[in-house]
C-alpha cells in the first residue's frame, strides 16, 4: 500500500529559482470497484524552497519506490492524485507543486486529473 | 435517445482545487438532416466544487453510458455540445466546465464546437 | 442489421490488373455479450476480375451504406470480418480479396482480424 | 467564381457562449499571375451572436459549396482570406471571427495568412 | 501467479483461413532479480484451426484476466514469453502462433522477445 | 480535360537500371456522379528503358501540367488511374510502371487504386 | 551575395488587420569560419501597414530570389537574421515583424535565432 | 571535468533585441551515486545585452567543447543545470537566460530541470 | 576501454526457437581522429542456440556495463560494430546474430552500420 | 563542380559481410533549366569488398566534401544520382551499392531517383 515513509529528500542545491519535473510513465494501481488494474503516467512538477530557507527536493530513487507502493492498492484516480500531492507536500513544503495523473482509460474514456498547491512560477 | 438519468456522481474527494478531464474518443450520433452517422471525440473538462461546499464529480462509467445514449439520436453538432454541457452542469454545478466536441468531418470539412460555463481555472 | 442488398457493383473499367483498397475509419457495431458499442476500422482490399471476364467492382457509396447497416447489430469481431468477406465475395467474385478489421480495443486489449480469399497479387 | 449567395445560416442554438471552428483541408484556387493551381487549408473560427440577439451560424454544407466556388478563380492568397472573412461576416455578423488560410507553398516557400474581426474570446 | 485456468476458448467461427492478433499494451510483471516492476506490451498473433477441424479461439476477456495474473509474478522476459506461448498453445492448438513481448526497458536498454510455433501464414 | 499532348519526354540518361518515382500531392478532379471535387495524391513509379534501347523519361514540368489538366474533368477514381497509366505508357513504353492514386475520401471512406504494367524491378 | 534590390512589394489589399507568415524550409548560406555550408529554415512573420496608410507586403517570388542570394555568402547565423529583418523592414516598414532562423546544427548543437521589430499583434 | 575556461564569446552583432537558443541533444555526464552514465539534452536560451552596452554572445564551438567537459564528471542533474547557468552568466551577463536539462531517465522516471536568471523577453 | 570480460550469459530457457532483440539508445564512444564524442543506438538481434544444445543468452545488465565500457574509447563506427559482434559471438555462439549501430551523425551525415553472422530466422 | 578527387577511402576493417549506409540530409545543387536551387537527401547504401580482397570504404568526411562540390552545379536529378554512383563505384568497387536521391520537390511534385550496381545483400 502507498507508503510515504519511502520518500527521501536532499537539500535544494542553490538559492536561485529552480523548477523540476519528474515523470513516471509506468504507474499502476488497482480500481477499487472492479479490481482491474489501472495504468497511467504520473508527473510531479514543483519549485522547491531555496537552500537558505531550508528547502529540500525529493530524491529520485525514493520517488520511484514510493510510486511502486501503489501497485496493489485499490484506489480511485482522484485519490491517487491527492495522496501523491499530500505526501510530497509534507516531505518538501515546496513553493509550488502540481501533480498530474494521465490514465490510459477503460471503456473508451481516458482521464487526466490535476491537483496543485501554491502559485505556479512565472515561466 | 440522450438520457441524463444515466449520469451518477460521487462527492469531490477533497477541498483543494482539482481539475479533471475525461475524453471519449468513440462518440457517435446521427445527422438529423441526412440520417448518416457522425463520429467524433467528446472532452469534458471541469473543476468540481470542493467537498466542504457539497461538490460532486461525474462517475466515469455512468458518463460512458450517458454518451452511448446519443448513438441513434438525430442531433446537430451544436446541440450535442449544448446538451452534454447542460446535463453535466445540472448534475455537478461545477465551478467551471468546458465541453469540446471534435468531429471527424464530412465532405472534406471537420468541425470543433466548444461550450463553457464559469471561469477557467488559472492553470 | 447487416444488409447485403444495399451493395451495388459497376463493371471493372479495364482488362488490366487493378488493385483497389477502400478503408472505412468509422465502423461501429455492438458487442453481443455486453451490449456495449465496438469501434474500429474496416479495410477492403481486392483485385476485381477483368472487364472481359465480366468482372465488377463494389460501388463506393453502397459500400458505405452497407457498413452502416452493422451499426446496431450485436456481432463478434470475427463474425463481422467473415460476413463482410462473404457478402462482398458474393457480389464481386474477385480474383483476390482481404478484409481486415482493426478494433480500438476494450479493457486494454486491441485486436486485428483478417480474412482472405484467393491469391494475393504479386505487388 | 466565389459566390457568397451559396452561403446559408441557421439560428444560433443557444444564448450561452459557443465557439465554432470549421476546417476545410481541401481548398483550391488559381494563381492569377501564373495560372497554376494553389492548394491549401481554410479554417473558419468564430463566436456567433447569441440566439436572443438574433445570432446565426453558417450551415456546414453551404460553406462547403461556397469554398468550392473559388476553384477556378484567379485570386491571391491575401484576397482569398479577406473575401471569405467579408462574406462570412456579412452572413453572420459574429462577435468574433478569424479566417486562417494555410498554403502548401510553391518554390519552397509556404505561407499562412490570417484575418480577423472582433475580440477573440477568453478561451 | 500466472493462471492458465483463467483462459477460455470459443469455436472458430468458420472453415476459411483467419488470422487474429490481440495486443495488450498494459502488461506488467516483476523482475525476479531486483523485485522492481517490468512494463511491456504483449502481442498474440495466431491462425486458429478451422471449425471443421474442431478449432477454437481464445476468448478476449479471459485473455485479459490471464495476462493480469502475471502482475505480481517474479519472472524473466524470456519466461513470460514462453509461458504465454505454451499456455495458449495448450488451449488452442493453433496452426500457427507468435508471441511477442516488447519491454519498455531499464537502464537504457529496451528488449523484444519473440517465440513461435507452426508455419506463419502466407500473408 | 485530360490532355496527353502536354506530356514531354527526354532520353534516359544512362544504360544502367534506374528507378524513378514522382509524387504529386495536389491532384484534383471532379466526381462525375455528384459534381463535387475529389482530392488525392498521384504517384508515378517506373523503370525507364535504357538509353541504348532508345528509352525516354517523362519531363517533370510537363507531368505537372498534364496532371493539372484533370482539374475540371468529371472522372471516376479507377478511370483516372487507368488513363494516367495509359498516357504515360504510350509516352515512355517503360520496362515497368505502377500508378497509385490515393484519395482523401468522402463519407468516411478513403480509397487507394493501383494499376501496373510490366514486372516490378528486384529492389 | 545578399541582394535587397531583388525584393519587391505590393500594396496591402485591405485596411483591416492582417497577419502574414512566409516560411522557407530550404535556406542555405556558408559558415564564414569553416567555409562549410549551413542549412536552415527562415520564417518571416509580419503585420503590414494598412492600405489607407500606404502599407505594402513583400511579393512572394521576390522573397524567394532574395533568400537565394545568401547561397554563397559567408555569414554568421545572427547576421543572417539581422540582415533579413533590416532589408524587409526597409521594404515594408511593417507594424510588426519577427524573423526566426532555425539552423539544422553542426557538431550536435542546433540553434534558433529570433529578431523582431514593433509590437506583436494580439493574436 | 567541467571547464568554464573553454567558453569563448563574441560581441553581440546589433543593438536590437535578439533571442538565441542553442540545443545540444547529446549531453552526457555520470551519476555520482551509481557511477552509471546519464544522457540528456541541454538547452541554452538567452537574450544577450546589446552591442552598445558591451554585450557578448557565447561562441558555438566553444559551447560544444564546454558541454563535452562534463562527460566523465560525477554530478547530479540539478548541479549540472546550475553550473551551466552560472558559467554562462559569468561569461555573458545576459539580460535573460534559461537553462533546461531534459534527462532520458532511469528506472522508468525521466526528469526536466530548469534554472533561470533575469526576466524572460516579451516574445 | 571495451571489456568483454564484463559480459555474462545464462542458459537459453527453452528448446524452441526464440528471437531476442536488445536496443541501447544511449551508446557513446569517441572519434579516434578528432577526439570528439560519437553518439548512437546499438541493436543486438539474435537467435540463441537451444537449451538442449547448451545454448546461452547474454545477461541484460552485463550487456549494459559492457556497452558502457566503450565510453572513452577512440574507435571508428565500423570497428565498434565488429567488436560487439565478435565479443557477443564468442560469448553466445548463437544460431544467428545481427549488430546494427545507428549514429546520430556529424557534419550533416548520419550513418548506419550492420554486421551479421549465421542465417537470419524465417520470421 | 562535382569533384571526385575529393573522395578518400580506407581499407574495409574485416572479412565478414558488412552493410553501410550514409545519409546526407543537406544536399543542394542547381536546376540547369531554371537556375533555381534544388534541395534533397542523398543516401549511399553499400556492401564493401572484404579486407582480404583489398576492399575499401569511402571515408566519411571526404564524402561530405564531395557532396558539397555539387552545390553550384547545374545538373538534373537523374544525372546527380548517376554521377554519385559512378564516382563511388570507381573509388570502392563494392559488392553492391544503391544511391537514392530524394528531392523536396517543386511545383507540387517531389521525386525519388534510385540507381544501383551489383546484387543487394540478403538482409
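Here the chain labels run A, B, C, D, E, F, G, H, I and J in written order, and each chain numbers its own residues starting at 1.
We take it that a residue touches a chain if its C-beta (ideal position, glycine included) is under 8 Å from a C-beta of that chain, and two chains touch if they have at least 3 such contacts.
Not measured: the values here are computed from a predicted model.
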Hopping only between chains that touch, the fewest steps from chain B to chain G number 2
Rounded to the nearest Å, the gap between Cα centres of chain C and chain G is 51
Chain B and chain D have mean C-alpha positions lying a whole-number Å distance apart equal to 27
Per the C-alpha centroid definition, the whole-Å distance linking chain C and chain J comes out as 44
Cα centroid separation, chain A vs chain F, in Å, comes to 56
The positions of chain C in contact with two or more other chains are 25-26, 36, 39, 104, 106-108
One finds touching chains in the pairs A-B, A-C, A-E, A-H, B-C, B-D, B-F, C-E, C-F, D-F, D-G, D-J, E-H, E-I, F-J, G-H, G-I, G-J, H-I, I-J
Per the touch rule, the chain B residues reaching chain F in their complex are 36, 39, 104, 106-108
Listed in rising order, chain I residues that touch chain J in their complex are 76, 78-79, 81-82, 85, 98, 105-117, 120
Note: in the complex, chain I contacts chain E through residues 12-14, 16-26, 57, 60-61, 63-64, 122-123
Given the complex, residues on chain A that touch chain E span 25-26, 28, 36-37, 39, 68, 71-72, 104
